[in-house]
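A, B, C, D, E and F label the chains in the order they appear, each numbered from 1.
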Amino acid sequence: MSGIFELAIHNLVSPIILSFALGLAAALARSDLNFPDAAAKAISLYLLFAIGFKGGVGVASHGIDTTLALTMLSGAALSALLPFLAFALLRYLTNLDTLNAAAVAGHYGSISIVTFVAATSVLESQGLSSEGYMVAVAAIMEAPAILSALWLLSRSDSGATTMDKDLWREILLNGSIVLLVGAFLIGWITGEDGLAEISSFIVSPFKGVLCLFLLDMGIVAGRGIRNSRGSLNGGLFAFGFLMPVISAFIALPVAGLIGLSMGGAVLFMVLAASASYIAVPAAMRVAVPEADPGIYLTLSLGVTFPFNLTIGIPLYVAMAGLYFG
Amino acid sequence: MSLQRTAAKRVEITIEAPMQKRLTNALNEAGITGYTLLPVLGGNGRSGDWSREGQISRASGMVQVICIIREERVDELLDAAYAIVERHIGVICVTDCEVLRAERF
Amino acid sequence: MSLQRTAAKRVEITIEAPMQKRLTNALNEAGITGYTLLPVLGGNGRSGDWSREGQISRASGMVQVICIIREERVDELLDAAYAIVERHIGVICVTDCEVLRAERF
Amino acid sequence: MSLQRTAAKRVEITIEAPMQKRLTNALNEAGITGYTLLPVLGGNGRSGDWSREGQISRASGMVQVICIIREERVDELLDAAYAIVERHIGVICVTDCEVLRAERF
Amino acid sequence: MSGIFELAIHNLVSPIILSFALGLAAALARSDLNFPDAAAKAISLYLLFAIGFKGGVGVASHGIDTTLALTMLSGAALSALLPFLAFALLRYLTNLDTLNAAAVAGHYGSISIVTFVAATSVLESQGLSSEGYMVAVAAIMEAPAILSALWLLSRSDSGATTMDKDLWREILLNGSIVLLVGAFLIGWITGEDGLAEISSFIVSPFKGVLCLFLLDMGIVAGRGIRNSRGSLNGGLFAFGFLMPVISAFIALPVAGLIGLSMGGAVLFMVLAASASYIAVPAAMRVAVPEADPGIYLTLSLGVTFPFNLTIGIPLYVAMAGLYFG
Amino acid sequence: MSGIFELAIHNLVSPIILSFALGLAAALARSDLNFPDAAAKAISLYLLFAIGFKGGVGVASHGIDTTLALTMLSGAALSALLPFLAFALLRYLTNLDTLNAAAVAGHYGSISIVTFVAATSVLESQGLSSEGYMVAVAAIMEAPAILSALWLLSRSDSGATTMDKDLWREILLNGSIVLLVGAFLIGWITGEDGLAEISSFIVSPFKGVLCLFLLDMGIVAGRGIRNSRGSLNGGLFAFGFLMPVISAFIALPVAGLIGLSMGGAVLFMVLAASASYIAVPAAMRVAVPEADPGIYLTLSLGVTFPFNLTIGIPLYVAMAGLYFG
């Protein structure tokens, strides 16, 4: 067990986490430190491109193993099913109305790519390898949760929106997914040769860029927390910590059954455990404008994201260690 | 000789960014094809305050759609816009104005 | 049937960026909680011209605060704003307008 | 006691970015030295639609020049502006407004 | 001949080209993937600085050979003359009016620096070296074509604008030229020592940055194509493919006569073959607002640019190979 | 003595200085070359993060020596006292009114982090090492000068603003200071291990990024100079050159007494000699809107900054050489 704490501590004093903490602290202290939105967006494009590309190269060099299709399927299924669990848990733990509960639930089925990226960094520093196609699994897990949330909403009597064609396009062709999948394909096609050409752009400076990005995420999360004082209560906080752990706990045996490596299993757990703060909120604003972003954004970005970053990831590594060990 | 000015209306719609495409589509369908989009830095309203810096997500952020239009078409425009904006946060504001080159509107 | 429109005022305050927070705080204190911030690219006035590109410093740059408000509250708003803007460069401009959903203002 | 407000005009010129310098030069030559530039995100008009994202080139993109001016000088302003805008796409819109600190305009 | 195809294929599966294709596909599928304009501009500043600097270092280390002045002169002459050829070809192949034909013609005399940069990448991967001062030649070829276009316009009866002083300044001191030439001079002055100081910024990550830039170019080109459906017809497409090949065909013997190396000759061909989509459109908006950007921008950015990137460059390498071989 | 000139020349032909000169020339020639403000801000965040982090790592590896507290104290004292000297000098050399003189004086007590960064680059290329905590000294020297300026203002009869709580927060928690100090702490905590993780982001490309930043600074300075023709007279220019030299001259023996290394002494002199153009102007806009930014910004950014960059730094190195030699 002491391994968990050691790993957690080691994880906590990495530049990545500390950068997030710095951003958080700056925002809570109401410093005017901030990133221009164009810079934040540019960095996120870089991260998506790099992580997608490296995933594709991974597949190119290690080949597609038989578990690929299974992982994809299970990922999609988890993304679609976890919202139901989240919804039930929210109804039990909190007094959210159907509308807000469904909106929050959608976030927890979907994924956070930055948490995924941070987890790959931790795996690397642990010397654990993972399947390159986990990136593609991440991409496939973004959308199904949104459908489940909309289904939950349609059952409530509050006249929630039915899906329109535009919303479909926005969900399936949203920039993050397209870039992630596209870069994955480019990495797959060009393989190690392609990587060699651009690795001093997408590999060497990667962690440093991630630090700056997490600094910005910290600022954003801190402002969210500051602005939403009052909209989160104890029950919601409990949900924000419990739900990821439960999701990871469910994902672990699935990963084991599919036959993922230990590294792959950790990433799969992280995908299950992380909550969306990009694709799903955008869809929810359109589909359920009545739901309060102060709840779902703060919960996923201000509570679950930092939890996963600091405690969650080392915990999932430890859980996988026990399972695989 | 001073240039000919014609009375018109200036409609300013402040709307959430994810709804912008839907709004302009609705305007196009209503035959209203002239408008200008302005970026919005931040704001405050009943749903609290926000600022562009500190948005990780497309979900937040607003834009302004400015539409200069002949007086007799304002109701059409407002109907089309209102159908989109109805359930959403944001503001619609109509001002009298005068335009040059009236044949364009 | 056309939508109900109500007369209101649109107040547009162009102000230096470092003063923005003070202005919106003053508005909030005066109970005025609806406004929208627009970025400003540049401008020209008695104190010369400037443009956003070419600003190394937070010290320069301006923003626009747009506040749509019921007619009877304009004076309150102007008093609050003027106290902040008084010693500073910038412009305050008030326009008649009409709004939908008047209960919001 | 409420602050003294004076009637004025607010002229809003939406114009292509490469023409902005020419427009403001023309304004300066006409003795009009107060204006504010706003960025424009995109728009739609007779010449189709465009958006700032997806512009590789300085050739496209528009800005808004907002000029608050005493009523008696509006024609001067419009003449100066129109000479520049004439062959170009874009829109000129004039609104009644009131200003504080009227001595500035 | 099979060499061409091999090179073309090899060229096509490079991360650079695939990134462009990804952007193109995303835009055509109406994904909301896009780059903040500030990021796109920052990347282009980086590319101009890097390519200019490296060109200058090239001159510093290999010296100015006697062909420099000749190449400059021929470049300027080509830039000034190609618009006349383009104008004639347009009148023959299409039904464009004088105004639009002149505006388009101006674009094809001028150059595309990104095509140039992509070509240097291809040369590098082929092990072909080239004269460092080709960057300066690129800079000198930007403007003359604009003058020719304006001259063509002034002959039409449509009351086209005469040059004013502002337009002159804008053309000659436009940011891209100033940065390219300035960085070239800095590279020249500081030489290999200067390069050593900053090469991990301007050399190692260069190709990766280029990928992201071409991704954005693909998005922009794709949107242009989507928006301009209808304004391009078969004749215009034919022009967009033919004109670059003809220009390259003319530039090749010129390069040979001047005494450029094979690599230099390829770059010279690429400059002749590429069409402007930055400096010239800006000048045309001011001088001939009546001409339709939907035609000239789409043609240069949506047709000729991708053509050069994918087929053109390998073709020119092959042509130069035959000539020099 | 010839060493100074050699060093000055060597300094002048570095890519960093030449980039600044290029930006300056472009702006003076009224080229439209410019950086999007988001890019300029992003670069400055990068520089602050990198310089802070490296400083912290320096402290982690070499330990806190006994001079740390002394240097901090002396830095704060210098920052607080130099404005009085500057004020007196301005009253003597120029005809500025109290208001503007106090505003200018505040700038010269505070510091320019970019000048500091440029000096570290020069030290590096000279093989001179310095104390890592000089970064923290830089941070501590930002604010005291503002208080002195406000005190000077409060004594004038012009009804200057008293400090309000907001202004305090803005000064002490301004983004630059928070990021610099935060990154310093992160570097300190994570030490050499942390640096190893992200050095290919914050170390290798650093100088190249600095070139682009100084290019932009050159543009900004050039525009400032162009726009403010008339507001600067001979006396002000003289002040802009004299004040930094005097400050450095005062700082040198202080550094010697404290026991700083020669490299540290140079940095201390540079801090004393440099003038703020970020934190102080922002505070002055709020506190003394009647003071003219055309004077204080142009003086600090258009006169003293280039002076320090080109002549000042080599001069201070030489002075320190004589003192320590």
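Heads up, the rule we're going with is that a residue touches a chain if its C-beta (ideal position, glycine included) is under 8 Å from a C-beta of that chain, and two chains touch if they have at least 3 such contacts.
Please read all numbers here as calculations on a predicted model, not as lab measurements.
Minimum number of contact steps separating subunit A from subunit C: 2. Two chain pairs are in question, A-B and A-F; the one with more C-beta pairs in contact is A-F. When each chain is reduced to the average of its Cα atoms, B sits farthest from subunit F. Seen from the C-alpha centroid of subunit C, the farthest chain centroid is that of E. For the pair subunit E and subunit F, the distance between mean C-alpha positions equals 41 Å.
Distance from the subunit B centre to the subunit C centre is 18 Å, each centre being the mean of its Cα atoms. Spacing of subunit D relative to subunit E, judged by their CA centroids, is 35 angstrom. Of all residues in subunit B, those that touch two or more other chains are 38-39, 58, 95-96. Of all residues in subunit F, those touching 2 or more other chains are 32, 34-39, 42, 170, 174, 200, 204-205, listed in ascending order. Interface note: chains touch in the pairs A-B, A-E, A-F, B-C, B-D, C-D, C-F, D-E, E-F. Interface of subunit B with subunit A (complex): residues 16, 18-19, 21-22, 25, 47-50, 52-60, 87-89. Across the complex, subunit D is touched by residues 27, 34-37, 40, 166, 170, 174, 216-217, 219-220, 223-224, 227, 277-278, 281-282, 284-286, 289-290, 293-294, 297, 301 of subunit E.
Residue ranges on subunit C touching subunit D, taken from their complex, read 12, 14, 38-46, 51, 62, 64, 75, 78-79, 82, 91-96. Against subunit A, in their complex, subunit E makes its touches with residues 13-15, 18-19, 22, 25-26, 29-39, 42, 125, 200, 204-209, 211-212, 215.
Residues 2-3, 5, 8, 10, 24, 28, 33-39, 63, 68, 95-101, 104 of subunit C are the ones touching subunit B in the complex.
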